[in-house]
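Here come two complexes built around chain A, the first alongside chain B, the second alongside chain C.
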Partner chain A sequence: MITPAAVFWQKNPALAWREIDDETIIISPNDSVMHELNDTGRFLWKNIDGTKSAAELARLLVENYEVTPDIALFDAQALLEEMSSRKLVVTVPATRGISP
Partner chain B sequence: MNAPLGNLGRSPRQQFELSIGCVPLRLQMSDAQLFGAASARYAAFTDAAAQPITIALSDGAVLEGAPAEFSYEFEGAALRAFSSGIRFDGVRNQYALDSLLRVLLSWKLLGRRGFLLHAATIVRNGKAYIFTGRSGAGKSTVASLSPEGSVLTDEISLLRREDGVWRAYGTPFWGEFRAAGSNTSAPVAGIFRLLQAAENRVIALRTAAILRVLLPNVLFFSAEAEANRRLLEILSEAATEIPCYELAFRKNATFWEVLPA
Partner chain C sequence: MTATLSAGATPIMDRLISRTVQKHRPLSVHFDLTYRCNERCVHCYLDHDDHGELTTAECLKVLDDLATSGALFLTFSGGEIFLRPDLYEILAAARRLHFDISLKTNALLVTPERAARLREFGVRRVQISVYSDIPAVHDAITKVPGSLQRTLAAIPILLEHGLQVKLACPLMQENLLAYRGVMALAEKLGVPYILDLTITPMLDGSGGPLAHRASVSSLLPVLQDPLLHACKPQPSAQTTSAMNALPPALEGAVSSGIESRAYEDLPCSAGHNSCYISPYGDVFPCVQLPQAAGNLRREKFEDIWYHAPQLERLRAIRESQLPICSRCEIRSYCERCPGLALMEGGDLLGAYERACALAEEKARLAGVAVPISALHREREAAPFQTIPEAEFAFLAADSSSD
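== the complex of A and B ==
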């Protein structure tokens, strides 16, 4: 499980991706594998821009979905871990302090 | 156009020009046997167009050299693309030449809003019906059930968007049907993902589902991110503009009865 750390999340710059029919289609060039995201994954994907931590992404989930902060953080971390294992997202060192 | 070039102390280099999907190519090689085989194989695609992409073949070892814009290695043969031209090294037989030509075309088509697809293309009433699927899905079966002369290819189809219209071109890359391919094109009627079944049935697919059909069947060999972004852009355009269906079909020609006109 990923623990909150001094990192921001960003989309893997090696990927090709597009929004089609309200679906997010992501291609890994190295293996030509096509990835699809669920609704929450799509929301996170849109907001993963290299300037937000897991906690900040979780806070956006709370603002946009009927979900408690605890569950939002758990979901955000689980999804980031899943996307990281598929090499869809990578971390970059935080360039400013991360709010808890 | 076939013509000998200078004699460099070994067999004279010969060249011929061809065009696949309106991509003009000039092949230059010293291997007389390979030249004969290639000339015969690509005879239907011979074409002397202006400003062809020159490909220099060598049967020797793959040479180290300056970084290429694009490179690909396949069973001891290598393609390297430079701004000055293309090199195919280590090409000792028609099979290697054929493979590298497919790789080169898949890359060159990016700049021409096109792509190669594992698919048979049949022309019917002036329109191209594209049947795609993995090996064994029925591409060659569909080709064998179609009238002589109507099969543009039974294995690798070439699609390009020209003046707002998607066209399918024949290619010299054939499969079990052993047709030589046809160097003609037709506007695309639709793309059909083949499934063999007990009855004929078509189901229209949505855009994202079409991409799921296309992606595993597209021939593409670059791992470079920008090239893949461009490919996805082209495929998304195709998925939006070309009707695509799942076609469950019996192994006879009655499947045409359920296809949209």
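== the complex of A and C ==
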């Protein structure tokens, strides 16, 4: 499991992506695979900006959705791990955030 | 609550196309950066002079507008794009704006350094025109001696730098029987390819390139070739590409490159979720539909896209309401293009000879006993009927761009 406080998360700068109406479409250029996020996934994606840890992203989920902190953290970490495995997001040291 | 990520190819693409067609979002944009070219292909529909291309700053403004409007798939083409000295600046801006970037090029100017820059700027795919695997045939079309050798030399360079390559082979009189060589070449290189039967008139409507178009009867051996119908034209790993939802080579010959049931009863994607931008900033529904909806030097893209009467009129067209084609019994074999209907038949809504003749041959090959298109049936019934000249003159005047 990812250590929530150790790193900030940012979108992989090599990606093509677009919010079209209420949908977020992401294409990874290396394998041309197209990805699509659900509502909470989109919320997290919008907030993955190189200045937030998984815990901070989870906190935003709690503030915006009816969800307990534990579930929010579990969900945020699970999505970040999945995105990371698909190289859609990358980590930066928590000491130096990078603008999206 | 569970945050989920779905990945895949056709289902996501189909949903995306459906949504953007329904809401008229400009999903896919073809942007010609220049009409200047270092080849002089016999069938080319462009003139190769610079009549006042968009400046770098203007191009970047266009990209900003497109990103704001929701455009995702961006194809830079020409002319030859490497003749734009600011190409990398434009690509860098497109990268910053998170477009999915494809290029079309003859690849004559590709070097390892340039391929590395393309990769750096996030270009995903490069489509390269190859007319034959025989140098004399290819070079006679491009009118540049040694061009095939240089083009083919570029392909491994691009592949080595992680770029996807796709071969495009327009078929005309000069290279009609070369397609098998191009297919074999693509297989050897491990890249997809597309054969294209479409040769279009010049953008001003004059028919010069049509002199090179293969007759329908000469296309029969191609249409009948079992290899084309049985083949899997994209045997490499790229077959799984999310964007590569392409039909077999011939079926995609006159397609927009993206096929979906979302276009059912629509002539094509032009003006619905895709458009074309010329090097001078004119916005067209498609490169093959010379009906300018506006100019980006004078108007914002969104104002043109959502309010131009030309686009609104185009969006209202339904295939089931076309005056002749809707009654055609062999419609399912037809790949009618509205732009070619306008340029060749003079009527955006009309039938035109080439599409009808090709549809009849395809239907015959599929086993239809006596296939006859609605256009030909009507002509038989009323041989002296005047074919309406329709609106081409009006539309051509409408499309003047400066």
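The rule we apply is simple: the second predicted complex is superposed on the first by the 94 of 100 C-alpha atoms of A that agree within 3 Å, B and C clash if a C-alpha of one lies under 4 Å from a C-alpha of the other, contacts with A are read in each partner's own complex, and residues count from 1 in each chain.
As a working rule, contacts are C-beta pairs under 8 Å (C-beta built on N, C-alpha and C of every residue); 3 or more make two chains touch, one makes a residue touch a chain.
Treat the numbers as computed from the prediction; the structure is a model and nothing was measured.
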Combined model on chain A where chain B meets chain C, clash or fit: clash
Contacts of A:V67 with chain B and chain C, given as first, second, both or neither: second
Partner chain in contact with A:L15 - chain B first, chain C second, else both or neither: both
Chain B versus chain C as contact partner of A:E82, first or second or both or neither: second
Which partner reaches more residues of chain A (counting touched residues only), chain B or chain C: C
Footprint overlap on chain A, where chain B in one structure and chain C in the other make contact: 14-18, 20-21, 23, 25, 27, 29-30, 32, 34, 36
Chain A residues touching chain C - in the complex, by the definition given at the top: 14-21, 23, 25, 27, 29-38, 40-41, 43-44, 61, 65-67, 71-72, 75-76, 78-79, 82-83, 86, 88
Chain A partner contacts - residues on chain C that touch it in the complex: 1-9, 12-13, 15-16, 19-20, 23, 25, 27, 67, 70-72, 98-101, 122-125, 162, 164, 238, 240-244
Chain B partner contacts - residues on chain A that touch it in the complex: 13-18, 20-21, 23, 25, 27, 29-30, 32, 34, 36
Partner chain A, residues of chain B touching it in the complex: 206-208, 211-212, 215-216, 220, 222-225, 227-229, 231-233, 236, 239-240
